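Two complexes come next, and they have one chain in common, chain A, joined by chain B in the first and chain C in the second.
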Partner chain A sequence: MKGSRYAVCLATSALALMLPATPAGADETAEGIARYREALADGNPAELWEMQGEELWRTARGPKNGTLEKCDLGQGPGVVKGAFVGLPRYFADTGRVQDLESRLLTCMETLQGIPADEVAKTPFGKGEQKNIEALVAWISAESRGMKFNVPMQHPEERRMYEIGKRVFNYRSGPHDFGCVTCHGEDGKRIRLQDLPNLTKSADAARGFGAWPAYRVSSGELWSMQRRLNDCFRQQRFPYPLYGSEVTVALSTYLGVTANGAGESTAPAIKR
Partner chain B sequence: MAAGPMRIRAASNGTETEVKILMSHDMETGQRKDASGNLIPAHHITEITATHNGRVVLAGQFGPAVAKNPYLQFKFKGGAKGDKVSVSWVDNKGEKRTDEVVVS
Partner chain C sequence: MTTNLRNAVLVAGAIAAVAGCAGTGSSPEQSAAWDREAQEVMARSFRDQGIATVDRLKQDEVMAACSTHGQHIDDELRERIQAAAQADIKWPSDGNYLGDWKEGEKLAQSGRGMTWSDKADAPNGGNCYNCHRITKKEISYGTIGPSLYQYGKLHGNTETTQKYVWGKIWNPNAYTACTNMPRFGAHGILDEKQIRHLVALLLDPKSPVNAE
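Moving on, here comes the complex of A and B:
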């Protein structure tokens, strides 16, 4: 009799202890994950791509045997620092809005004679696409810690922003999915991955400003184009063409939303 | 990029030197299969040595369980600004790589 009452008493006190412990435990887990990510970032293998990219920028290649050192990424020919946080933008020489990768294709074609459409058709992680990975890693690293300042002055830039906004909110496909399904609310996640609410400045800077990134699970460096390509795959949409208008429009929308908020951390490290 | 350069950082605080090494290596386990179902042969670092002005301060053996593009961090007593820290690895195919850095 006495023994069983003691047991009940113990059980209730254990319950009482457990109840408030749950939210605190969740915080602890989030903190633990944050600490783990910090430790990972210290030895981010993206640095290996950065080193390669810097060398590639200065290496004479292609049929024209030219370097990329005169490539205009929007801040003037050859200016790399701060270029990443100001893209996509309108370029007068091509007459269209370009993101970092479509701009690199232009530079590779005009300065090195490497045909842009050939590179665009190359699968990710192969041939010239590998070189693009290294280049975007280095170019984005040169803007690390800077705030996004994606321009919206030119009518084409405003048009791309509007298209991007529509694409972001456009639900379709067999799952009736849109970007907004996963990235339109706070506190959503896929398994353990927190999803940024890309309609908000701070989150857009955190999300958009993290790619290109090194993916630990596959040991690859993913560019923004590859990231977007995979977002389309996850929604069961057809793959967008490399550097196509829809991908640039989405980047414009995300970049403009991120303007003035957090700092660019690219190339970051992801699971 | 099996044998790209290593990224080495070495910083001294007067009494200790902290070394951070990022190696560029595929680290194939020998357990994975390619798209056509054939086993991808093992290809991984087996030995790593770090020296400070020619004296060995760390010697390690790596196996297939170490991740791709391995990162290694360690401290040793001594070392001053301007000293040289050299790191070399050998893999199971006999490929080698050595990189050197000046302590900051």
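Moving on, here comes the complex of A and C:
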């Protein structure tokens, strides 16, 4: 089966990549990176999540025993193609700007009766959060190859963009870090990890447009919310609430910055 | 500066002027309103997790100024930040700057500390390799900061250099206002003993930084 082939090639490449680049390990590291590239060419295990996500979309679930097929992701009820590259955006029914994940919470609550608060409190990789991971994998895949077109016409969209920009530059905590510390200049790295300059459109499209992504190092599919969550952790910040305004504002800023530049590759495969 | 640090105020109009960079014609009033709303949004969007509590969102003067202006601060503000940081440096109690470079290398390698997944009593690392090339052997280094390889060879292991490196690790804003480098001493990330080891890593002629 497809899945087991992935499992084998990924196990080896993940191991090689996680080796610290010790003096003696320099060659192994280069080799590990080469093997990882091979794994990329071989296929992206995110496909497994995509398949589950498509099925989940059409499956009746929750107290209301409803499907998500009428969920409006911004292009009209049930339209999935192209929805991902147009998010976050303003939704009149909730009166808020929403990213893909906070919008899914709304749809799960209204169409399936699954309480949004509870899903938001569930740890990543568990329970309903696992379902969200599958859904975002499929939904983002349906926009693969499209350019970002995140709207800024509505005053709320503009407001969230402006707030996101301020949050991006906001430095504090024990290390004085802000997003800008690690993502504010071209061509920088932390250890061997390339850091996109998220203030520029080409890098923003490449960086923002890659998530959700399959992470080789953990064998998990990470949503954008989880990506941001881990960056806040590295920033030594407190814990961002799932789907909170800060996360949506940041995504609005990154998405608008990415507009028109590169093509969405999500769900991509990452270290 | 330390006093300001301790009595930190929540942002207080700090994230202003970032808007100036947008240049898409918003009035100063509008921009100020977004500054305020950004603070309110921050205050609503986080919770404590382990040692990473929400009071970490409070900014001192330096953080606020650097968030607003980035590297583009004017000369007067730059002088003020640097002078205050200079006055804030705590010099080694016994006048001795050099520790054990081997311990310094371990600290430079360790990226641990201060995240919500770290324990309160676990020792903090220096994170140095995250941002700097330091030895020849270690190829897994970051580039946010300049290369420090052969630092002692290039600058000499003199008391002036020792003092500079000590001060830099204690509070890098003393020399470069709004640097991306953390204030390791001033923020209690590293203690005197650890800083001594790191100064030795960079300056001791026997350290692989200079010997190889």
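The criterion applied here is as follows: the second predicted complex is superposed on the first by the 230 of 271 C-alpha atoms of A that agree within 3 Å, B and C clash if a C-alpha of one lies under 4 Å from a C-alpha of the other, contacts with A are read in each partner's own complex, and residues count from 1 in each chain.
Throughout what follows, a residue touches a chain if its C-beta (ideal position, glycine included) is under 8 Å from a C-beta of that chain, and two chains touch if they have at least 3 such contacts.
Note that the structure is a prediction, hence the values are computed from the model and not measured.
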item: Three-chain arrangement built on chain A, chain B and chain C clash or fit; value: fit
item: First (chain B), second (chain C), both or neither touched by A:192; value: second
item: Which superposed partner A:181 touches (first chain B, second chain C, both, neither); value: second
item: Which superposed partner A:219 touches (first chain B, second chain C, both, neither); value: first
item: Dominant contact partner of chain A by residue count, chain C or chain B; value: C
item: Touching partner for A:234 - first (chain B), second (chain C), both, neither; value: second
item: Which of chain B and chain C A:244 touches, first, second, both or neither; value: second
item: Which superposed partner A:52 touches (first chain B, second chain C, both, neither); value: first
item: First, second, both or neither for A:166, with chain B first and chain C second; value: second
item: Per-pair minimum CA distance [chain C against chain B, superposed on A] in Å; value: 13
item: Chain A contact footprint on chain C (complex, rising order); value: 11, 15, 18-19, 22, 26, 31, 34-35, 37-38, 41-42, 44-49, 52-54, 56-59, 62-63, 66-68, 70, 114-117, 127, 129-131, 137-144, 180, 182-183, 187-189
item: Interface residues, chain B side, partner chain A - complex; value: 1, 4-5, 7, 20, 22, 24, 26, 67-69, 71, 73
item: Complex contact set, residues of chain A against chain C; value: 20-21, 23, 26, 29, 159, 162-163, 165-167, 169-178, 180-182, 184-185, 187-193, 195, 233-234, 236-241, 244-247, 249
item: Interface residues, chain A side, partner chain B - complex; value: 42-45, 47-48, 51-52, 216, 219
